Amino acid sequence: MGVLLALSGVDARYGPVQALRGVSLTVDEGEIVALLGANGAGKTTTLRAVSGTVRRSGTLELAGRPLGRRGPEATARLGVAHVPEGRGTFSELTVWENLRLGAYIRRGSTKDDFARVARYFPWLEERRAQQAGTLSGGEQQMLALARAVMQRPRLLLLDEPSLGLAPLVVAEIFRIVRELNEREGTAVLLVEQNARTSLETASRAYVLEVGAVAFSGTSEELAREDTIRRSYLGY
Amino acid sequence: MRARPSSRWIVPLVLVGIGLFLVIGSLDSALFAQQTVSGLANGGIYASLAVALVLIYRATEVINFAQGAIATFTTYIAWQLIDWGLSYWPAFVATLAIAFVVGFVLELVAIRPVERRGNQLTVVIAAIGLLILVEGAIGWIWGNNIKFMPAPFPSHIYNVGGVAFSRQDLGTIAISIASVLVLWLFFQFTKVGLAMRAAAVRPDAARLVGVRVSWMLSLGWGLAAVLGAVAGMMAAASPSVLLQPSMMDGILIYAFAAAVLGGLESAAGAVVGALLIGVTLNLLASYVSWVTPQLLLPAAFVIMLVVLLVKPSGLFGHARVRKV
Amino acid sequence: MRTRIGTSTLVGILATLVVGAAIALLPFGLSDYHRSTGAEVAVFFTAILALNIVTGYTGQISIGHGAFMAIGGYTTAILTAHHGWNDLATFPVAALTGFAAGVVVGLPALRLHGVYLALTTFAVALAVPQLAKNYSSFTGGTEGLALPTHTGMWLYYVGWGVAGVMFVLAWLLLRGRSGRAFRAIRDSEVAASSSGVSLAVYKTVSFGISAAIAAVAGSVYVLVNNFVNPDVFALTLSLYILIGAVVGGLGSLWGVLVGAAFVELLPIALTSGNVGSSQSVPVIFGAVVILVMALLPLGAANLLQRALHFGSKVGQHSDSPLGTEGR
C-alpha cells in the first residue's frame, strides 16, 4: 500500500488571514483518514488545498506526482473527487444530469458507471428526472456522493457529509463510504465535526488546531486518549 | 414571501388571451393579420438577440451591451462575403462560423482579463468599451455609408384568403425559431451543453467535476455571437432596417426589453417576450395614430420599465430573493 | 474618498487650490478653439461629478445621464431661442427641471437594482433623443435650435465656474451627515436602513441632485456647441460619462477630473496625433477603455490612493454597485 496523497508544509490564506500553517499529512492508497478539529481549525481549507480550490504553497503530491499550481479542473482529472461542504450538487439540474456531470472527465462509455452507482444508490434510478434541488438533504448528500463515484476517483475528499442530517441518514452515508472504500479501493480524506462516527469509519486521523496539525494517530489511539477526546473531539 | 398559488395562472392566461386576440383580429382584418405576421418577424429578430443576451447573462450576470454591435459587425462580414461573390446561403453559414470565432476571441481578449481582477461594473464598462470599439471598427473597415444587403428570400407574396404575407417575414420567423431551437437542443442533449449549463449555475461545483469554466464562458460568447449574427442578417434583410454601423442599437433595446420580460434568466421567456414586443409595437404603429416610428423606442422602454416594476422576475420567473 | 482629519484634508485643500489656480490661468496660453475644448472638459467634469453622486456614492448605476444633460440643454435652448432669455439666467431653471426629472427617475429606480437599473437607464439614454426628434415643435426636431455664440474664453470660464461651484457643493454634500448616509447606502442598504437612514428619501434626492447638476452641464454643453439637436445627446454621451466616472475612479472627487480629461482629451489626442485615420479613433478609444478596466479596475483615483498610501495595505477588494460576487 503506497502513499497516495502527501502534504508537506502546506500554507494557505484567505486574503490577509492565514488558514493553514505548514500542514503535513499523508493518505495511503485505500485508506480512510479523518481530519478533525474545531470550527475554523482549517479542515475544509485543507481539502480545498488538495483539490486546488484555494491557492496554497508547500508540497502536495498525488501518487508521487507534485500537484503544482493545478486548479480543481486539473486535479479532478488526476482522479480526485471533492464533495464540498454544502454538497455542491447542481440544484437546477436533474439527478441524471448531476450524475452525467460526474462522468464529465471520463472518456469512453459510462454505462457501467451508471450501473455501479445504481448498486450503491438504487433509489436514484427512479428519480433521475427529478430536479436535484427538490431532494431532501440526505438525498442530496447521497447524490453528491454518487456523482463522485461516477468520477471513479482514486481519492475522495469528503467535507462534512453529516452536516444537518439525521443520525440514521448519517449512518447510511458512512456505511456507503466504507463500502466504497472496501469494494473500489478508493482512498478517503474525511472532514467531520462528528468525531465519534469519523473514528469508527477511519483508520487514522489528524487533529487540526488553528491551521496546523496538533495530533495524529490511529483511530484507536485517539479514541483512547481521554484528554484528546475531551478537549478536541468533544466526547 | 407570500404564497399566491393563483398568480401562477395569470401569466399563461394573459398570454392565451393575447393569442386569441391576435387570431381573431387576423381573421377579421387582412391588415391586422399582415401586421401581426410582420410583427412576429420583427419579434423573431429580437428573440435571437435576446437569447444571446440571456445566454451571457446566465453565465456571467453581466449584460453584454456590445451584443448588438457584434451582431452588426458579423452582418457586415456577411455583406463582404457576398460582395466578394459568394451567394447568400453559403455566406450565411460561413458568417455563423466566423461569428462564433469572433465571439469566442472577444471574450478571451477583452473580457477575461477584466473579469480576473474586476467586478461586475468593470466588466460592464469593458463591454461598453467593446461596443465603442466594434462600432468604430465597422466604420473604419467599411465606412459609415449605408450598404445594401441582398435579401435571402426573393420577394414573393403568399396570398392566403386575401391576406398578403411576405416570404421574407415567414422566412425570418422560421430561421429565428430554428436557431433558438437548435441552441436549445445543444444545451439539453450534448455533454458540452450540459457542462456550460453547469458552469453557468454553479461555477465552483462545475470546476470540481473538471469543467473548465473559463472556456465555457468563451464558448458561451461564441454561441451568443452566432445568435447575434442570425439576428443581424435577418434584420438587414428587412426593408425597414438599413445596414449601417448603428443598425442594431435600437434592436438591442427591444432585445433587452424581451430579455427582461423573460426574467433575464429564461430563454423561453425571452423568446415569448420578443414576439410579444414585436407584435405589440407593430400593431401600435399601425393602429394608434400618434405613435410615430420615433416613439417606438420609448414605448419599448415603457414596457420594460413596467415589467421591471411590477414583476421583475419576468413572465415566467420566480421571485428571486435578493442576496443581502 | 475617505476623509481623514488632519494632514490629508489640508493637503487636499492645498491641492485643490493649486489645481484650481492652474485651471484658472490655463486659457491664457491657449487658442480660442482649445479654450472651448477646455470648456468641454469642464462639461464632462460636471457631468461625471453628477454621475458620481448616484453611482459612486449611493451605488445606483446610471447609464443615462446624457438624458439629464439633454433636459438641461434643451431647457436652455428653448428658453433662449424661443423666448429670448439670457443664457446664464436659464441655468437655475435647467437645474430645477433636471432635479424634477431626477426625482421622477429616482422613484422607480428605488425598485430597480444593479443590472435592471443599468438596463433601464441605458434605454432612457436611447429613448430621450427619440422623444426630442418626435416633439419637434418644441425642440426643433432633427434640425435643432441655434444658440447665441460666445468666445472660447467666455465658455471656458463659465464652464469651469459652473464646475467649480458644483464641485464645492458636492464636496460639502458628501462631507457631512448626508455623505455618510450616501456611503452607507452604497455599502449596505440593509445596514443603512436599519440604522435609521431613510433609503427612499436619500436615494431619490441623490438622483434629483445628480440630475440637476447634469442638467446644468447640459446647458453649458449646448452653449459650447452653440447648437442643439437630438444627436448632440446621443447614447455615446451617456456612455462616455460613465466611462469617465469609472476610469477616474468611483467615489472619488479627484477621479472626476482624471475621468473628464480622459474622455474629452484622449479622442482629440488620438485624432491630432494622427494614429491611423480619424476612423480608427473609436477603435483605439474602446481598446484603451478595456485595457484600463483590465489593469486599473478601480480607476485612476485608486492608483493615486495606493501611491499616496504607499506602504500601508489598502485593500484590493473592489466595491461595485452591481455586487461583489467574483466568479
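We call the chains A, B and C, going by the order they appear; numbering starts again at 1 in every chain.
Basically, contacts are C-beta pairs under 8 Å (C-beta built on N, C-alpha and C of every residue); 3 or more make two chains touch, one makes a residue touch a chain.
None of these values were measured; they are calculated from a predicted model.
Geometrically, the chain at the heart of the complex, using CA-atom means, is B. If you tally contacting C-beta pairs for each pair of chains, B-C comes out on top. The greatest centre-to-centre gap from chain A, using C-alpha centroids, is found for C. Chain A and chain B have centres, each the mean of its CA atoms, that are 43 Å apart.
Between chain B and chain C, the centres computed from C-alpha atoms are 31 Å apart.
For the pair chain A and chain C, the distance between mean C-alpha positions equals 52 Å.
Touching of two or more other chains is recorded for residues 213 of chain B. Taken in their complex, chain B has these residues touching chain A: 191, 194-195, 197-198, 201-202, 204-213. Listing the residues of chain A that touch chain B in their complex gives 51, 53, 71-73, 76-77, 81-82, 84, 88-93, 97, 100-102, 104-105, 147, 151.
Residue ranges of chain B in contact with chain C, taken from their complex: 57, 60-61, 63, 65, 110, 113-126, 128-137, 139-140, 143, 203, 213, 249-250, 253, 256-257, 260, 264, 292, 294-298, 300-301, 304-305, 308-309, 312, 322-324. Per the touch definition, chain C reaches chain B in the complex via residues 61, 63, 108, 111-116, 118-120, 122-124, 126-127, 130-131, 133-134, 190, 235-236, 239, 242-243, 246-247, 250, 276-277, 279-283, 285-290, 293-294, 297, 318-327.
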